[in-house]
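Structure incoming, see below.
Note that the chains take the letters A, B, C and D in the order they are written out, and that residue 1 is the start of every chain.
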């Protein structure tokens, strides 16, 4: 396994074609806007080095028998699925941000089992291709981005009916050695911190969509890939003169990029689906299922930090003994742990795939994610309630550093006498960061849309809910023939 | 194990001192008001006979190694805890009512581990006493009621401060052979269908409360026990001339009784706690924990029936294709499965006690029950939405049986032409039963108060939430020393 | 105006063809099951006699200039609309039930303004007909039922496409003197206590539906009308031997009946719409609008009683000082007053119709009713939370009257020492009545479906929401051309 | 009345001691960070010039009989109170931001009636002082900030028990001509755009708190006042090189400042309360009441823009025909109009004070604000749902202006083919602005805390809820003596 430092060094060797704020980014690794997201990703390496977290952070490869980072592991049991969730909660607690590596883990587990079943049905060799790729990922402890979401254009039209055929990524040329693809994947979390990208189709497909039914892996700095960094609320606070307090979370963060594929070449042995339209849906459903499980871990960990910060805000303001404050903290905890229950339950009820890795219970994983589209918003609302208005009216760090203003700020932003005013300012900025700033991007809209928007889960819940069986139960009780 | 029929026969031998509607009930087994609750209880025997449910309904005794009904089992693993929840969901689906046997199961598992630890701390012999009792229960497949809730009088006063000392059950006389107890246990589910009652204290206690810190088991027809049957919404529909349609659920039901102990004698070998005040809380917490888990199974099963009934109501009215109808069914399913997630999760995260049986995760079990105090109400609300107003304005069965009125009713209560009007009437009565009638008692207020009212769970969530650890997480991210 | 006693006597003269529990009801006025609903209706007469309520309960007829009961008044100002809501809240507070007379008031106000506009457009004489009818209603202070809801059969089919043409009420024969109608109106609130019924179409109509576009008024005991009394949860408690405590609300109640029209003759001067299909929707929309406003009054009054009862339950149990109890009472109040705000607001923003009476703001009235489909359920849930489980496990009144059991019940159901146990029992039965029993029919499912089910309001909200204007606002701010 | 331009010019004459980002701001009027908030404030002048808004934006002074801006008006009727709410909704629609002038209006109406009653009780001359101040405000059409919220220090301690006596603003010296005050007012909305500040106490007070019971008005640029500008999420986007798209709302905004009073002199004739401790609470309650009403107008207007923007996002993405999209827009509208209902209702039910102006219904105004602490959060959540993830992952405007990247962005961020990509980008930035950016400060945390945090409303609701009357209602129905 790579150490954190080795991982960071390895990123320096990538030759990404990345743009941000209208300019080419020559050195993403040391860029102050990007670096926090790298730090979060790097935490997946760092904690794997830490003896106390071995059980959660590492696993034994079912291919090589070697110890590997759990993020590259094919889950071998429901216990593995549960440990995945716990690992994610741990990382959420440590980073208070999106650590990005789940997407690749979830994509790999989905493609692993799907390719096995595609081969079985179609006589293809995708699983062999994938195993080769996976072996390298495990052995070299690579960071992999899983890329599913196409930009989609007009939502009321199918891929092939769009005004521009590239609005869904597709094969534009086929050669003996491989294929060329064009299109774009949106909202790519962690791409800049990844060595490889594992591309998947974004929706179920039918006959006629063959060119869109494509899955493959290529290096993130492949020729033809252009990245445009997504801007986040409050992103430039990281490059202000005083960038210690107001950033809220100085060390960790997350990012999304728009990934443009402009005739990117994919060699044959890196292809995992190529025109078998009826299996596109399987990959989508499995990846989405795994990723909806993931949110029952990572967001819970982030929620733990927000709950802690909110409790601390009460301590600092002298309000923590008020019954309504205690009750709201209980409610935040209750909601957060309900999410965790969903993450654990869909893992506990997982089942073995034909390929041998474990799949979560799809119904419960969708239920998990559906709750994630609701409860973090309510937790954030309660955090803003208990934090008080100062969270959004506090003077800037630059004011605080001004010797003329500092005494005023020290004096008038003081809460409980024993707590340094600066600590209170730091804390309120953290709550701002998590509910409105850069981390809010990950904690709120990403909770909404990541792994699929709410309606996508509702469709899956409907599909998995077995209403007919329930109608039979009711008929029996009502004695209706 | 007893068969269903043997079980019913065994109840005939009990000599209960039971009152209902102001009269002594000489034959509870065949009483039409009580019988549905017996049928639900009996289903725990019946399904255990059914080969297809062996895995869920039975277990292997860790004492005798014999196959036993799971309701008498000491959980030997987290897998056992999960199977418990699944068994409860199954029974909820089959009865659409409260099948009552969980209370004893949960009480026995709580007292089993607690007596072990009390003995360890105090040098007592309660665990030995309990094992003897348990062995008989397992061998004879007895039905056991777990009795915790005292009537409590003035909630602002401690047991010993009440105007009447009997408002909490307590020892009123001690002899060489045992103790005499007086007091009352309220809301006793399934008592009338049980052979034995396992009594536990109802709250944590302190020095001075020794007489109240008492746990024991006695036969349900012990001298000095008087039972008064609790009346339920719509209970007398079961004894109307036409009692087929309007009852909603003709076969199954539940019941609660007020159990009065008037100098009931408890022999020494049936005592499991006797004055060790500081362990009263342990029994309470563990029993409540197990029982809060239970609701993540049984109410989910009942919810399945209600969801099925609601979906069927849409089919019968011709409205099931409307998008809002489909969406509300999804929401009902989503809420119901969220409860199930909580039941599964607190089981999956269970841990071994010193005595060897498994205890659920207390935080998650309390989270489970807290959701049960909310979601069934919303599921019921949505059921009433989709069922339509006819559910509460429908003519009585007697009207339907009147030959003059029947043609009118057949004609005007017809929904989709192919569905018999009578079927629609039956179905709407089932939904009424589950949301306002006898079964609503179990599905709604019992979901609210059973295993402790909402505030009890909030106190436990606060106690288990580890806020200090979360504050540390936040401090670390905000870089506060 | 009639006195309460005159009103009751007037009902004795009706010759209703009414069935209940399969039998003809010869004397509805003194029937113990029906009487409470009559008492509620009679309260609209009784309070109008009371000097302290003159301002709310009476108005000045814009026709005769005489003092009339406000329930027969055509609203002459927004102040009248507001007083209507306050009158309804008052009656809800006094009866804790549905007092039924609003339906006719709302129907009359809707038909008054609609007939004026129909005549204007079509040259008909409906408004004249209606004025004649109204004058008599005001002069004689008659009780009028407004009948809109058809049984509807298969919801996916239009009136004329139903397997049975009678599933929507329609004209089956036309003569020189009038028309014959056949069909049924469901869920008719207060019909049994009314002198006249004002029939309206139930949905918007198109060409081809002419026979269904019919509105008229006839006496409730007209030849051809058959009534079947809808059964309610716990209805027969009123005819038990002991029917004092367990009924919860001994004096007041509500009812719904299924009203069957079998070739009922309507003379020409009682017809208010007859084939003008495009005006059916106007009547529906206006009646529904007024009636959705009504719920912002009556249910708030009922809610006041439930909040009071819940607060009292806390006092009686000694729990009213607990912060969570206080907080839940605040929440109940908050929700209840939010409903009231909606009732007041749609009244305050009312506008004058062409005919001269005032119409509520349709958007806000629909918003009002939409909230009524939600908040009473949450208020009831909180009431059940604070009432405690005893509400559904309490012994019957017959038990309490048994001299052997009474001492036990007195002793063990005692809460705070100073409160008689019987009072506590009465109170808990009231909460049961309002959340699960006869009054729950009015407070919950009727809040859901009365004046239209939730989806009906959502359609109206969509129609009234002026999204295009809001899009323009957004475009302007975003500087989009 | 001043024109918009005159107003802006008048601000240039102020000599504010204002700091932002650690530096003195010499010219706030033209500062690009501050200017949007000035533009919002100026809209209150601009719309008052517009003939079509005369009825809402202007009123007739009850002092001078002259036409004045409604923001300086003492409400003379409930109709005035309603127009106030409508004026606020209008301004919210036009600015999608906080236009700040309500605080002064609400403060003036509260102090107007309170001083009258204080004088009556204490023989003081505060009302005369206030009338003189008010006359000038009306005649010169001045902008007035209302300053209530002290920084408060340790929330568990009273003003006089704080470690630092200045944590609540208080009199530090008394002279024959006036008093000197020291302290700070936090979260001051619109202070920078105001000519005068009207200071009020922040809580109820008792004997011993005399120095803290102080109310007065002074010019905003008085000697001894220092301002520190509060920083908002995304504030510096306004000073980026490309500041057209990413700001979301280029023209309008809001601000809060920390206002420090360091021995500020207040002449006697500008004092409105000075030591009459028992009247501090009256001013607080009335100001809070008026301001809680205000939120039922302004936030509804802002909500209108957000609903429009969200609907437009659906149009642009081609998803607006999906039933779940339509349903969520209905829900947003429903919630928004419920807030409006509350704003209208508490106005409609207002009553005349002794001084002659109208006060809102306090219970309903508190209910209004309590809903405002909830619904905007849910509206924002639904907006983020329908907007899609692109709202937070979209490239920056600088990327879009880069000629190399622009074609990619044009191509891949295209939704419906007919809509320019740039328009879609603008719109998504507006939604970001309103739910996470500068405007979110006003729409979310300010909705939470402005005019008092949620718990403050709950205390008032409890105090106004008349539980005892409701208990009597319940007792009567349950026939309890």
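Keep this in mind: a contact is a pair of C-beta atoms (placed from the backbone, for glycine too) under 8 Å apart; a residue touches a chain by one contact, two chains touch by 3 or more.
Small disclaimer: the values here were computed from a predicted structure and weren't measured.
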{"item": "Distance in touch steps, counted as few as possible, from chain A out to chain C", "value": "1"}
{"item": "Pair sharing more residue contacts (C-beta pairs) when C-D is set against B-D", "value": "C-D"}
{"item": "Averaged-CA centre spacing for the pair chain D and chain A, given as whole angstrom", "value": "37"}
{"item": "Centre-of-Cα separation between chain D and chain C, whole angstrom", "value": "40"}
{"item": "Mean-CA-position distance for chain D and chain B (Å)", "value": "52"}
{"item": "Sequence positions of chain A contacting 2 or more other chains", "value": "324, 327, 458"}
{"item": "Of all residues in chain D, those that touch chain A in their complex", "value": "19-23, 149, 151, 153-157, 163-164, 166-167, 184, 186-187, 226, 228-234, 236-237, 240, 242, 246, 256-258, 260, 317-319, 321-322, 324, 373-374, 377-378, 381, 384-385, 388-396, 398-402, 405, 408-409, 411-417, 432, 436-437, 440-441, 444-446, 448-450, 453-455, 458"}
{"item": "Chain D to chain C touching residues, read off their complex", "value": "82, 93-96, 248-252, 304-309, 311-312, 315, 326-327, 329-330, 333-334, 337-338, 340-349, 363-364, 367-368, 370-371, 423, 426-427, 429-430, 458, 461-462, 465, 467, 469-475, 477-481"}
{"item": "Complex interface listing, chain D residues touching chain B", "value": "323-324, 327"}
